[in-house]
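In the two complexes below, chain A is the common chain; its partner is chain B in one and chain C in the other.
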Partner chain A sequence: MKINKNIAISDSGFVFNPVNGESFSVNPIGAEIIDMMKTEKSYEEIHKTLISKYNADEATIEKDYFDFVGLLKQHNLIDNNEEA
Partner chain B sequence: MEKLRYERPVIKKLETGMPNKFGLRTEYAPMTHIDGVAVKKLIEDYGSPLYVISESTIRSTYKKAKKAFSTRYPKVQFAWSYKTNYLNAVCNVFHQEGSWAEVVSGFEYEKAIRNGVDGKKIIFNGPDKTADDLRKAIQNESLIHIDHLDELYTILELTEELEKRPKVAIRVNMDTGIYPMWDRFGFNYENGQAWDALNKIMRSGKLELMGLHCHIGTFMLTASAYAVAAGKLADLAIGIQEKYNHSIKYIDLGGGFASKNTLKGAYLPGSDTNPTFDDFAEAISTTLLNCNFRNNELPLLILETGRALIDDAGYLLGTVIANKRTSMGKRTTILDIGVNLLFTAFWYDHKITPAQPFTHYTETTQLFGPLCMNIDVVRENIDLPLLNKGDHLVVHQIGAYNMTQWMQFITLRPNIVMIDMESKVHLVRENEKIESITNHERMPEHLKNFEL
Partner chain C sequence: MKKHKFTIAVSGLNAIDSPGPGVAVIRGLREADSFDVRIIGFSYESLEPGIYMHDVVDKTYQIPYPTAGTDALLARLAYIHDIEKLDVIIPNFDAELYSFMKLEDTLKAMGINMFLPTIQQFEERHKVNLPEFGKKYDINVPFSKSIFSTSEIYSLNNEFVFPMVIKGKYYDASIAYNLEQAKSYFNKISAKWGLPIVVQQFVHGTEYNVTGLGDGKGNTIAAVPMRKQYITDKGKAWGGISIDDKRMIALTEKFVSQTKWRGGFELELMKGQDNEFYLLEINPRMPAWIYLAVGCGQNIPEALVNLAMGEEVAPYTDYVKGRMFIRYAWDMIVDIDEFHEISTKGEL
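Up next is the complex of A and B:
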């Protein structure tokens, strides 16, 4: 699963998609996930990083991660040619 | 290394366009305590969901209402509307403050008597009073507000057997310029039904006509309708004085004052737009004082407002069961609070706040209850922080009707606690157990056994 390469993301959580001009606001953990996806980290790596950093159980992080990815897909921020 | 506080990831599309000047504000600020008691502790001790009633809010709201009327009119009496919330603890707070009781059934009448209310200070309204109910009310010298002629004739029959002179009033319905006009209760003012009933009462010689009553509607968003109602009742009172040389003792304008809740479809929050006690008091008092009552014969003004006195004092605490998304990607959150406990969710956009701190990130969410029924929607659209399973929420202003119109449906009803003036928590109604329901059932012998 790859995030569109040309997505721009600022430190304050402002996301811009130059393909269609749409912009988004993302919270810090969401921005962190997008950053990791941009560097082509695998789900397992992202999951491990979040578990070690945040005070939440594995199931919650897994569930919320896939919910977030669903949102990225819905907003056309994920390369739809890639298999999830 | 200590781990960071987790918040679920969220991304929100930024929409451009005109800002919505009518939008309700997002409830970021958590309500962690009610009257000094931690919401978390309340749920730990009494479970979730949980109704919480604030005694201090009841008393302060009552005092505000009393002041609004008593500073404008010399003789004012409140009567607590039992149907709005007939938990004994709630009723007794109002009785301690000086409220009489206003009941609409034999069941409520019995509750008021058991609470220790003097029968003479019970107002008996409603269309369904059995002969036994009326017999009891006549013997206790309660104020019987007659709804229809059948009731009037039953009372007249009972006077033969009881040798008492029943104290009665009639309920009058009327056009006050609002829609819908409530003309199903009582006798109509405009078409002469009210005068017909009054003539029958006066000519019978067997009944003591004490007052005139009306109740023009519910959740009234205009105070001026009460001025019309007060004027029409005063006109009847003065007419009775002229025709029969009989002074009625009171005018009862019923209830129907809007609380500060926000009706569905309203542009602005009810807290900003709904009339205040002062608005209602001004409209009613000015009208009565300007009517031509004889010197020293101003009638007592009775008010039966329920909703506006108790809504603010009630909270419903709940817990997030799950987060989901609809087919279109919209966030939905399932709570353990449903329309079984929050009947008023059908007509209010209830204010709902988280019970623990969050960041300022929010998501537009649809709140569902726990019932396996499609109608179980608590809020269609609300901007809420990023709630997780197990997080607690506080639903505000639920004191009116939810603890009487609730449904034992699919699941059992929870505990109700009252926080007293010293922040002590009292259990005022125990949660239901399965036996609370099954103990009332009877199994026919031939249905006791089966094989699958």
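Up next is the complex of A and C:
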């Protein structure tokens, strides 16, 4: 799963899609996930990082992660041809 | 090296809720690297704000409305040229373009240069002819039809589904959700801009615009796409952002190369829910938001003047993406004497 290459994200979590001009705000964990996706980390690597950093069970992290990816897809920030 | 100083006349100094491009064009010209300018404003009404912006416009002359005919316009331009020695005229109103295009050769012989579309290009892209244009150049356009009386509205039910857009010949457009609204907009808009009225199928989606410049030989000299971020009830962008959409650039280059477009232009596009771009309108001049293109690194007014002066202009190849414009209104305090001067003498 790849996030669109051109997406710009600031330290404060402001996301800008230069292809269609849309912008969004994400919270710090969202920004962290996008940053990891931009460096082409696999789902397993992202999952591992989140488990080690945050005090939540695996199932919750997995559910929240896929909810978030769903949102990114919905807003055309992920190539819709890519499988999550 | 000392820069050449051009005297350039610019119209479109109005700034009502559908603002003219004049002041934005002048800002680009004043920031030109390749020349200095003296700006002559062309106005139609005494309350066009550009007339009173003395750091923007050096001197303003009123010119006759297009309905007065080209002879009256030519006589007025000859008078102004005699005093000001104009190098270039940049007309910025759709409604005046035809007169200037008709006079292009005569003005050229007088030493006044312009860089306008040809009459054929101007007519072909007219919203009345847009369906044929789309077919000819293989560009998606929403279905539309020109009508001349309100009685024709009743028969539209067979060809259109509501909502439909009721458009004026030159300006104005309203979205009608039923027959009564369509009829009322027909009357309102035709009273202002005449006939025909264009009825266009409404496309749901997001509005995008591209402004650009064609050299008349099929080359795109400049192109900057923008997404409207803040839209007034007149449909005008009051805020926008430059974007990096390769499909819009490709569509623009296709439009310029196929039509061999000469001059500035604006393409009004709608990205439908099917993710396709639909061409809603082609404006045969620079738009009011042209200064965003300047701010993104493509000084289209400057390039247009250089083309008008017969210079070779290299195409711009890049622009800043993600740069925004936010428009604002500014109340100027104006002495009654200035209003008096322009109203009675037609000059300020």
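Convention: the second predicted complex is superposed on the first by the 84 of 84 C-alpha atoms of A that agree within 3 Å, B and C clash if a C-alpha of one lies under 4 Å from a C-alpha of the other, contacts with A are read in each partner's own complex, and residues count from 1 in each chain.
Operating definition for what follows: a contact is a pair of C-beta atoms (placed from the backbone, for glycine too) under 8 Å apart; a residue touches a chain by one contact, two chains touch by 3 or more.
As the structure is a prediction and not an experimental result, all values here were calculated from the model.
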**Study point:** Combined model on chain A: chain C and chain B, fit or clash
**Key:** fit
Review point. After superposition on the shared chain, which partner residues are touched by A:Phe68: those of chain B (first), chain C (second), both, or neither?
Key: first
Check your understanding: So which one touches more of the residues on chain A, chain B or chain C?
Key -> B
Practice item. Kindly classify A:Lys53 by the partners it touches after superposition: chain B alone (first), chain C alone (second), both, or neither? Key: first
Exercise for review: Would you please give the vertex angle at the Cα centre of chain A, with arms pointing to the Cα centres of chain B and chain C, as a multiple of 10°?
Suggested key: 90
Point to revise | Partner chain in contact with A:Ala8 - chain B first, chain C second, else both or neither | key: second
Practice item. Mind working out whether A:Ile29 is in touch with chain B, chain C, both or neither, as first, second, both or neither? Key: first
Check your understanding: Counting only touches as set out at the top, which of chain B and chain C does A:Gly21 meet: first, second, both, neither?
Key -> second
**Study point:** Nearest Cα pair across chain B and chain C, whole Å
**Key:** 6
Review point. Overlap of the chain B and chain C footprints on chain A, residue-wise?
Key: 22
Review point. For the complex, which residues does chain A have touching chain C?
Key: 6, 8, 16, 18-22
**Study point:** For the chain C and chain A complex, residues of the former touching the latter
**Key:** 206, 226-227, 229, 240-245, 271, 321-322
Study note, to complete from the structure: In the complex, chain B touches chain A at residues 3-14, 323, 325, 329, 359, 361, 386, 388-389
Revision key, fill the gap. Residue set of chain A touching chain B in the complex reads 15, 22-30, 32-33, 52-56, 60-61, 64-65, 67-68, 70-72, 74-75, 77
